[in-house]
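Below, chain A partners chain B and then partners chain C, in two separate complexes.
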Partner chain A sequence: MTATATTPGPRRARIIGKKAVLPWLFLAPGLLLALVFKFLPMGKGVWLSFFEVRPFLGDKWVGLDNYTRVLTDHRFQDAIGHTLLLGVGMSLGGIVVGSALALLLEGQARSLKIIRTAVFLPVVTATAVVGEMWRLMYYPTSDGLINSGLGLLGLGPVPYLDNPDTALWATMAMGIWMLAPYNMVIILAGLAGVDRSLYEAAAMDGVSLRQRLRHITLPAIRPALGIVLTLAAIRGLRVFTEVYVLTGGGPAGSTDVWMTRAYTLGFTRNDIGGASAASVVLLCVTLLLTVTVNYLRKRGDVR
Partner chain B sequence: MRDRRRCIAMRLRRVRRLTASLAVSGLLFGTAACGSGSGSARADDPNTLEVWTRSDPESAKTYDRVFAAFTEKTGIKVDFQPVMNFDQQLQSRASVKDLPDVMINDTALMGSYQAQGLLKAVTPASISGHAEITAKSWSSTVGLDGKHYGIPYSRQAMTLFVRKDWREKLGLPQPRTWQDTLALAKAFATRDPDGDGKKDTYGMVVPGSAQNGYVAWWGASYLWQGGVQILRKQGSGYRPAMDSAAAVRTVTWMKKNLFCGDNGVIQPSALTSVTANTTNFQDGNAGMYLTGPYNISTFDKALGKDKYEVLPAPSGPAGNNDVLADGENIYFGARTGKAKQEQALAAFLVSPEGQELAMTGDHQPVVRIPVNSTLDAAKVRHDSRWSVVQKAYETASVQFPNAPDFAPVKQDTADALNAIFTYCGSDVRAGLKELNDTLAGDLKDQELLK
Partner chain C sequence: MSAPAIDPVRTPVTASPTRSSAGKGRTTPARFDTALGWSDRPGPAWALRILLCLLALGVFAAPFLTIFSGSFSEKASGSTLSFLPHHPTLLNFRVAGDRGIWDYFGNSLVIAGGGLLLQLAVCTLAAYALARHRFRGQALILTLFMLTMMLPEEVIAIPLSLVLGHVPVVGVDLKGTVWGVILPLGAWGFSVMLLTEFMKDIPTEIEEAARIDGVGELRMLWQVVLPLCKPALGVAGVLGFIMIWDQYLLPLIAAKDPTDYTVTVALSILRTDPEVGSGVVLAGAVIALVPSLIVYLLLQRSLVTGIAAGATKG
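After this line comes the complex of A and B, so read on.
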């Protein structure tokens, strides 16, 4: 703003003022919505996490009790393990399958466009619907879609969701199925930016497919992968609907994740303070993870 | 101009409510789903009651009829809001201290609501026609301090639904004991009762997920028939009783015979099933279902009246056939200042006229067993099957304790039972001992442990 101060005449100052204000004006509706629907509730949630919430009897200050309770509860501790496993598995699986799909479906042909649209469908389908559909597919008798397939090979039937040893992996498979097409689109966008002449030069030099992927494709789509990783880190931790619809956290809590526990605490046991504390912990971990991923990404870009 | 000011005030109120809704669930979901929580113009009118019920669109149509009749009779308007995710929405509204005037929801939630101070105390004498409600029903609305916090509205008890055509085809009698039930379930699973030559039928349906406490809700009847109590009243407090010999015996029987026994006694995927996705009975591939009578209309439509029968639950080893009874109460939201209108609505809802309206019609009825003792469910509906349900409620039913906050107790019991039934090799006694300790913790949190 020093420029404004040294500029003679009010006209120039007004223009700069306008220029400075204009972007904010455009941003205002979005910011206002974010404030009302996101940041104020978030702030209130942080505030509530220090209380035993009893709206009509007066909230009781309990300090860090809710946090201690949540962090020492063995079911929450188990849920952390499940969340991390599910988050990492779904993120990595989603990236690997998404990349594979992107490489397979890259190109201009019209048929590819149709296939890409078909492959993208899981992303636009409501998670609850996907969950119900996969429940049917996983049906633990030979009537289930997947088990009838196994039956043709003389295997199964496998009780995917009813066995605590397989339930989490079955949930992960569904998560990857939902995430991969989303990643595919971002990676496809990254692939579109690859300089074709590099491929031609590589072909002339007799470079193998693997080397081409490693030395040309991968560096070119690194920014896209960075975005996908950041999104995956956030989404992986807040996984909820998939689990809630598919298994409800069961059997025997084997698919309980952080969010399903927080939900149970808040809305089945009416412990809003505890649920808020659990959510704040999740918020902090997500923030930390996002910042770390971003830092690593930027460091990678600089290198 | 005044209208305009009111309109602005209302909008502000809506925004405030919405903000509060999001505040509670905001961290949980980023952006929470917000259904019909916001009020409407009429809610500010002193002659308009905002009424919430936990209803799907189908049963909401029955309530529409009931409230229309009430308005016609009294001139008091009803701003009716059927709310599917009732608990979540109610907590959101509670956080801004702006509750609906009248709520109709589960009996077992009364303790929880009262513990949060959401309810106004009710004097039974202030409700016209209070004497027509039985003492048993009134007793279920007494809070820890001895005051009433709700008015009984609808009651129900579980009964056993059995595929009559299958049973008769296999030449087996109606089950009267647990052994009969088990034998019938095995026959349904193995003797091809639907005659299609395939092994694609199951003995009974079990919503066995721990989600929302379902397995505790379904399994409670078995516990009582086995002589088990979840909590035992002791003086002015309670003690958990899930480590008793009867509990170990009963849970072991359930685990061995239903969950870990022969395949096919219960439907596959029982351990992750809630009632909404436990449709095997109406789909025609399971032969028995111990559940509430609200299913009768669904089963009539899906299977046909002649295909199944409604029976009292078979007796367990304790010699009784007690089943879980629950129902719904009318609650008055704290601090609304419309006492007269609320009392008028409650009086209408429990009157023979109000109850009959809610029990009949083309849509899902919202009163199952009437709380008004002058009515007979079977006569009102011209359907003798309802007398089985009414008898079960009156003579062989137990309710979850309503005075303490039972929600955590139910959830913890469900978590433990689901885990015990999942791991077939686990030690039942150790599992129940752990549950008992957890329940003691729940009671201690409520300062009720004796």
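After this line comes the complex of A and C, so read on.
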């Protein structure tokens, strides 16, 4: 950005006093809040991650011990796997379901708008509310909402959240349910930008539906898909509330993700140093991912 | 709802959006209106589409009906959920009220109202400076605000809770007060970006005219720029409200004891209470759901255009 291009000269210098201070006055509240409640905690987190935090005794410098401890802890290692699986599953599932919804509900008709409004509800609902809702839908006996649906298909009841084998998948399904309508809106915006005359021309040439989707629709919504994937991946890494309200990391740690693990370590086991180290690791991965994706996207744009 | 043609935030959609504003085919969708070429005439494809729409509604919207009906059912449990309440009653809400749900709801309202006001004020001021002034370090400031988006509460939760317990320099303990939740939500990078982009598009002529009349900076922002920003403020307001209402970890770590919880966090208290059944939890869930539902239904166009705009800007 070249926003700072100042034109030196006597006329400019005369008014610079008042003019230079003014924007900072407007920025001050925002910068102050960001500094105190975002950047300061970040710095403090990095700092504490090198210490054994002992209330009343004073913190003890332990170097990288916290990091090695966290990274070699098998529950954290399991959590990495769960986080990745959940993140990837939710991102991809959200995109597939979101695209399907967008393709299904594309159009100007009033009825479609109403359906879209209804389908979008999961996005505006607070995660904690969604968690309570799904907990009841996953009710383990055969007359639970989802299980009775399975019963109609002749399948036995599944104790979704109580079984370590299914709990993570059940959480993923809820995540996809929350994410898909959000993606739908973004993809719909992409679809709205497709030049309709291309569809018409393609139909004249007798192009099949699949080819049409592949060669006209897909290129048009590719930027939207890229954004959706990035957002979902970053969101997936720091997934917390979904898991915390639905399973709390259980049963037997089978749904523990990186952040629920760090939370337990920090707040219930009072291991501030270890929890900080875990947070810093996640922060680094998030930043790395963001920067890489931005870089790739910029390069893609140029090309 | 998803028509970017009337988008106030100028969605830079790729490809040419020529057709969407042409006003053609609003009443009679042509075959080439949709990617899949859905037809509007009765036929197998039409029937399939209706079936799939019903399926989508069943999966994404019907669960809400079940929690509403469950909250009004006399004996609701996971095994008795249905679309219509059995023996409709308000008992669940009364029990939830006895457990203090309205106090939690009050906490939520104060936090959402205060947080949103602060957020809009802070972000508008910052956006005004970024959009209408040129100064040294502008790019850096913009990056800093973007970074706030990459520092979600989850990642900084533990040190943030320490900071909330003892704010540096002033040394106040914000835990147990609503400020502990409101203040960290003040600077939201997304709103700053959104408002900055919007303000950049306001023609400078209007401002220059006002400046000649001797209008000061604050009055300029309040009386000239802000009225023109209403659409963007609407978007920032709805998204901000939904985002604040959805907060979970922040109210959890900012609370001193459970009476400080917001209604969304308090749901877990209801759930773990052995003396109340699922119906009471659902009543709580409905109470926590209704405000965001109202905001969404009233302002859904702002919300949807905002998401689309935010995404395409990335």
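Quick note on the criterion: the second predicted complex is superposed on the first by the 259 of 303 C-alpha atoms of A that agree within 3 Å, B and C clash if a C-alpha of one lies under 4 Å from a C-alpha of the other, contacts with A are read in each partner's own complex, and residues count from 1 in each chain.
Here is the rule we use: a contact is a pair of C-beta atoms (placed from the backbone, for glycine too) under 8 Å apart; a residue touches a chain by one contact, two chains touch by 3 or more.
Computed from a predicted model, the values in this text were never measured in an experiment.
Chemist: By residue count, which of the two partners contacts chain A more extensively, chain B or chain C?
Modeler: Counting contacted residues of chain A, the larger count belongs to C.
Chemist: Contacts for A:109 in the overlay, against chain B (first) and chain C (second): which applies, first, second, both or neither?
Modeler: In the superposition, A:109 contacts chain C only.
Chemist: Pick one for A:266: touches chain B only (first), chain C only (second), both, or neither.
Modeler: both
Chemist: Looking at the overlay, what does A:279 touch: chain B (first), chain C (second), both, or neither?
Modeler: A:279 contacts both chain B and chain C.
Chemist: In the overlaid three-chain picture, which partner chain does A:200 touch, first (chain B) or second (chain C), both, or neither?
Modeler: So A:200 only meets chain C here.
Chemist: Once chain A of both complexes is superposed, is A:145 in touch with chain B (first), chain C (second), both, or neither?
Modeler: second
Chemist: With the two complexes superposed on chain A, say which partner A:125 touches: chain B (first), chain C (second), both, or neither.
Modeler: So A:125 only meets chain C here.
Chemist: May I ask you to decide whether A:23 touches chain B, chain C, both, or neither, giving the answer as first, second, both or neither?
Modeler: In the superposed model, A:23 contacts chain C only, not chain B.
Chemist: A:42 in the overlay: touching chain B, chain C, both, or neither? Say first, second, both or neither.
Modeler: both
Chemist: Please indicate which partner A:161 is in contact with in the superposed arrangement: first for chain B, second for chain C, both, or neither.
Modeler: So A:161 only meets chain B here.
Chemist: Just which bits of chain A does chain B share with chain C as contact spots?
Modeler: 36-38, 40-42, 44-45, 48, 132, 135, 139-141, 143, 238, 240, 244, 259, 262-263, 266-267, 272, 275-276, 279, 282-283
Chemist: Quick one: in the complex, what on chain A touches chain C?
Modeler: Counting only chain A, the residues touching chain C are 1, 3-6, 19-20, 22-24, 26-27, 29-31, 33-34, 36-42, 44-45, 48, 101, 103-109, 112-113, 115-122, 124-129, 131-141, 143-145, 177, 180-182, 185-186, 188-197, 199-200, 203, 209, 212-213, 216-217, 220, 223-224, 227-228, 230-231, 234, 238, 240-241, 244-245, 259, 262-263, 266-267, 272, 275-276, 279, 282-283, 286-287, 290, 297.
Chemist: Could you list, by residue number, the parts of chain A that touch chain B in their complex?
Modeler: Per the stated touch rule, the residues are 36-38, 40-42, 44-46, 48, 53-57, 75, 132, 135, 139-141, 143, 159, 161-162, 164, 167, 238, 240, 244, 246-254, 259, 262-264, 266-272, 275-276, 279-280, 282-283.
Chemist: Report the residues of chain C in contact with chain A in the complex, numbered from low to high.
Modeler: 1-5, 11, 13-20, 25-26, 29-38, 40, 49, 52-53, 56-57, 59-61, 63-64, 66-67, 70, 77-81, 121-123, 125-126, 128-130, 133-139, 141-142, 144-145, 147-148, 150-152, 154-163, 167-168, 183-184, 186-187, 192, 217, 242, 245-246, 248-249, 253, 264-265, 267-268, 271, 278, 281-282, 284-285, 288-289, 292-293, 295-297, 300, 303-304, 307-308, 311-312, 314
Chemist: Using the touch definition up top, name the residues of chain B that touch chain A in the complex.
Modeler: Touching chain A from chain B are residues 15, 18-20, 22-32, 87-88, 91, 94-97, 112, 115-118, 200, 209-213, 268-272, 274, 277, 334-335, 405, 407-408, 411, 415, 418-419, 422-423.
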